[in-house]
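Here come two complexes built around chain A, the first alongside chain B, the second alongside chain C.
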Partner chain A sequence: MAKVTIDGVEMEVPDGTTILNAARSVGGDIVPPAMCYYSKLEGSGGKCRTCLVKVSQGSTNDPRPMPKLVPSCRTTVMDGMVVENITSPEVLEARKGVVEFLLINHPLDCPICDQAGECDLQNLGYKHGAAATRYEEERRTYKKIDIGDKIKLHMDRCILCYRCTYVADQVADGDRCHGIINRGDHAEISTYIEKAIDSDFSGNMIDVCPVGALTDKTARFGSRVWFTKPMDAHRDCDNPKCSGKVVVWQKGEDILRVTGRKDAYHEVDEFICNTCRFEKKKASDWVIEGPRHINNKSVISANHYEHLKDIKEDVEKYQRQVASNINKA
Partner chain B sequence: MGRKLLLEHINVPGIETLEVYRKMGGYSAAEKAIKTMQPDDITEEVKKSGLRGRGGAGFPAGMKWSFIDKKSEKPRYLVCNADESEPGTFKDRYLMEKIPHSLIEGMLVSSFALGAKTSYIYIRGEYFYVLRILEKAIEEAYAAGLLGKNIFGTDYSLDVHVQIGAGAYICGEETALLESLEGKRGNPRMKPPFPAISGLYASPTVVNNVETIAAVPHIINITGDEYAKIGVGRSTGTKLISASGHINKPGTYEIELGLTVEEFIYSDEYCGGIKGGRKIKAMIAGGSSVPILPAHLITKTANGEDRLMTYESLSDGGFVSGTMLGSGGFVIMDETACIVRHTWTLARFYHHESCGQCSPCREGTGWMEKVLHRIEHGHGSMKDIDLLVDIAKKIEGNTICPLGDASAWPIASAIRHFREEFEYHILHPEKVKDPKHFAHEPFVSSKLENV
Partner chain C sequence: MQPLTNRSKAVLQKEMTFAEKLYLPAIINGMIITFKHMFKKAATIQYPEQKREFSPIYRGHHVLKRDDEGAERCTACGLCAVSCPAEAITMQAAERKEGEEKLYREEKYAATYEINMLRCIFCGLCEDACPKEAIFLTDRLVPTEFERNDFVFGKDKLVEKVDDRVDVTKRQTQNVIDFKQNKKYSHNK
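== the complex of A and B ==
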């Protein structure tokens, strides 16, 4: 076991735990945001750099600070390590930079994007971004692509987190044909020459995608997510690898969309098969268990989510700040 | 005349052949090492020599070798980094093209020291003709029993393969190189683990630059102690410098580390002075990634000492007034050069070469290029200059591999030392319309006038 301190909070975690997972074991504000790491996908993480933290003491044995900020999702803890996340201005500054980088070429088409309301980039932007852009150049654009007949790829929105490529490799079996072509900011997700991915589990790409780059064609433009009711549901799925445990997103009695069950960090508990996701859209297909408790804090999705109280407090705090600034001025 | 090791026999006709190479004493170091020395003794000699990696970072070679995981059951590999894609650097090519056996002998001695039975040379895609030269030399070496089974009649056997890249700068970064060598997309890996623990095919691996490996036989020949006597302080031995730009004699030179920058630029043995007797404006000492220095910091450091061609002296003053020896790509610019145009060109290169894995480098390199393009073409505004500084700051140190830093440093240093030139472009858009603007009307900033 290793004792770690993150933002002044002490915790003990098994050796080999990453800083990010140590923070998640406690939860709350000390958890760095993660846009590319996905605990269920091997090799993920390290790329987006939103989870950078400062290690101000390496370990009890070697207390020297680490010279650079480190990605908390790929850095393992040492006994006696001291980590600064939101208590470090340097971290916040770097994170703000990362958010800006992720947004400069983003189309900002939230008003017509299906992911709006449950988008990690949106949430990240609200929490850590700046209100205005400094980017005056043309944004890059791509053509929309079909990945198979059920998934739409909107490359303009992609943040190249690589999660979907890991799903293609590790969850959806079949020929490896989904990956990344080209380099740098001209890199793009591709199913070699738009070859359709046909695997029973390809739909999980949609769930792991942190943004609206991969969307469900059977549900696209169906409804804003905050107008739908998330309900836990299950069915007796005959695919041995699928638990049949899902969330159905309902409007009235209609099921508009089926997804995996996501936790506080927007990771699904279990991957689900394409039949459950794309083909079972009648209420009679499912045993509805009851309302889904969504505990991911999101500004847009406030109507439906449990953190309403927190958000209200945040807003009030902000209002007080503004008021006191005005009074000072 | 400085002492020559690597290029001593460069002008001997036929030195590219095994026959002439051996006549000049070639492969005697390999024979001595394999027949009479223990692998660890060789590593010890290399440690004593103080030889530092010649690929850019200057990490002590002997120390790197001693990190290799000896407890692992897996095979060990030596991988030679011949990707040489840093703009301004062309020394490895010269060595491989002219004296290919010096690299192969180096591979032999180094592989023996590391206990590697298979070794690779990863060469950049554009060096196709050099690949042919190396393959021919390797064939000769196999035919003479210098590679393959039971070398020099001992039980040591070694295979050396050359693998050609597809022309990506990022594949020179050692872990991207290993990915590419394994047949994958050339994305740098997250470290740790370092290659010495888990490198090629997840086995213990050492990656060294061509020049580093080629120096090893010379160390065996003259001993590590003797090698360490050349040079100054922790900058020991000789170093190949690729000199280009506005100088009278561009080319690849072997220098003793510790030579003054002044002598290197102005003596007829090396660069032979500035072209046309014009005023010097800037120096890039170690390849495009290192900070650019203005005239008044080239031959003297900020505190007035002679600037030497050593790792330490070039970096004297940190990034405020110093730079780095890097890979030895030495570029001189005179008063007719436009620093903004030059910086934009480099930004274009890094934008094109970023692998795109991490957000700051992927997005930041493109952004910086676009802003610099605007400034250079007379469409910039004053706030763009500080914007560039800020973007560079947000990339630096926050990426997976050093390409991010390498894209930020040239821009940050160009603005640090040549801000007036950037301002001039913004204030006089009509004057910079002609792409050769400063060629006709040299621009020298007020700071430079006093040099």
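== the complex of A and C ==
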């Protein structure tokens, strides 16, 4: 076990844990943002540099600080390590620069993009970015590509996080036909001459995409996310690897879109199959469990009402907490 | 009960005097006031032949603007609808097909766009929220109707006609106009 301090919060985590996961084990403001790291995909991380943190003390044995900011998703903790995330102005400044670089080629077409409202880059830009761009050159542009008949790829919006290629490799079985061609500024997600991916789990690349580069064609321009109601739902899926546990995005009784259930870090709990995602769009296909909990800071929570039961539980929990605090004092 | 303000007066029901009982002095007093007003400047005007001057930022009938080439600017992003405190705006987006580039500016456009003028409180938040400079409130008045349904204005009443543009330059500050003409930005090239 290793004892680490992140932003003054002390915690004990098993050896070999990354700084990012150590921070996530506590949660809250000390968790660095991550665009490319995805805990369910092996090998992801280390590409986007948004999770940079400052290590002001390497370990108990060697208390020297690390010379540069380190990516927290790839750096493992050491006993006695002291990490600064939002308490370090240097980190915030670096992150601002990273966001500016990520946005250099990212088109500002949020009004058109289906991902707007649940986009990691949008959230990151609002939180850490500058209000205006300094970039004056032409942005790179690509033709839109159809990956199969259900997924649309807007290469313009891609930030090259490689998450989708890991999905194609690890989640969607079958021949590897989805990857990245060319290098540097010309790098581009490709399916080898637009070859359709016909794996049953290819749709998960939509969920893992942190931006709107990969979108669901069956729900394309259907509605903005904040006009739909996310509801937890499940069904008995024939596919043994698919749990059938999803979020259906409803407008009235209609189901416009089906996605996996995402946690606080926008990672899906379980990958779902393409049948559940693209073909089951009737309310009768699903057993609806209830409204999904949405953070009230999110635009999706506008006009979204959750069970009174849950709110009651929250209130009771809070009351118990207050009562115990009073007893202690 | 205790009065809320000290301005309330108890109603007196005392006997009227002889002069009051005659009524004539009171009527004459009233008529004097009436006739005096005949020689004063009228407070009203002959609408619709005459119209009052509007403030340049009067918030009336909305307009959905077209760009210089005549393509609709609205891209159905839904920010006006989400900012609308009266929930008066609804829209349905559609994808632009090939060959429609002259009609719609962006890849996505509003296939239907409706404002319920009975719900609208003319606050102008939609205009503030619009990232595409598509919706503006203008100094035109919303016409009266007889049926409730007629107050739901669709694109036919909101989108400006290509040959009959609605001038909104008075609503824009110098900063906005400079931003729109600065050659430094790619949208002006």
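Note that the second predicted complex is superposed on the first by the 294 of 329 C-alpha atoms of A that agree within 3 Å, B and C clash if a C-alpha of one lies under 4 Å from a C-alpha of the other, contacts with A are read in each partner's own complex, and residues count from 1 in each chain.
Heads up, the rule we're going with is that a contact is a pair of C-beta atoms (placed from the backbone, for glycine too) under 8 Å apart; a residue touches a chain by one contact, two chains touch by 3 or more.
Remember, predicted model here, so these are calculated numbers, not experimental data.
Chemist: One more residue to check, A:159. First (chain B), second (chain C), both or neither?
Modeler: Once the two structures are laid over each other on A, A:159 reaches chain B alone.
Chemist: Kindly classify A:224 by the partners it touches after superposition: chain B alone (first), chain C alone (second), both, or neither?
Modeler: second
Chemist: Kindly classify A:94 by the partners it touches after superposition: chain B alone (first), chain C alone (second), both, or neither?
Modeler: first
Chemist: So which one touches more of the residues on chain A, chain B or chain C?
Modeler: Chain A has more residues touched by B than by the other partner.
Chemist: In the overlay, answer first, second, both or neither for which of chain B and chain C A:116 touches.
Modeler: second
Chemist: With the two structures laid over each other on chain A, which partner does A:236 touch: chain B (first), chain C (second), both, or neither?
Modeler: Neither partner.
Chemist: Taking the superposition as given, does A:253 touch the first partner, chain B, the second, chain C, both, or neither?
Modeler: The answer is neither, since A:253 touches no partner chain.
Chemist: Need the overlap of the two footprints on chain A, from chain B and from chain C, as residue ranges.
Modeler: In chain A, nothing is touched by chain B and also by chain C.
Chemist: For chain B, which residues are in contact with chain A within the complex?
Modeler: 168, 170, 185, 190, 351-360, 362-367, 370-371, 387, 393-395, 397-400
Chemist: So in the complex, the part of chain A that touches chain B is made up of which residues?
Modeler: Within the complex, chain A contacts chain B at residues 46-50, 52, 68-69, 71, 74, 93-94, 97-98, 100-102, 104-105, 134-135, 137, 159-160, 162, 179-180, 182-187.
Chemist: Using the touch definition up top, name the residues of chain A that touch chain C in the complex.
Modeler: So the residues of chain A in touch with chain C come to 109-112, 116, 136, 138, 220-224, 226-227, 299, 302.
Chemist: Within their complex, state which residues of chain C touch chain A.
Modeler: Interface residues on chain C, with respect to chain A: 75-79, 81-82, 93-95, 106-108, 131-132, 184-186.
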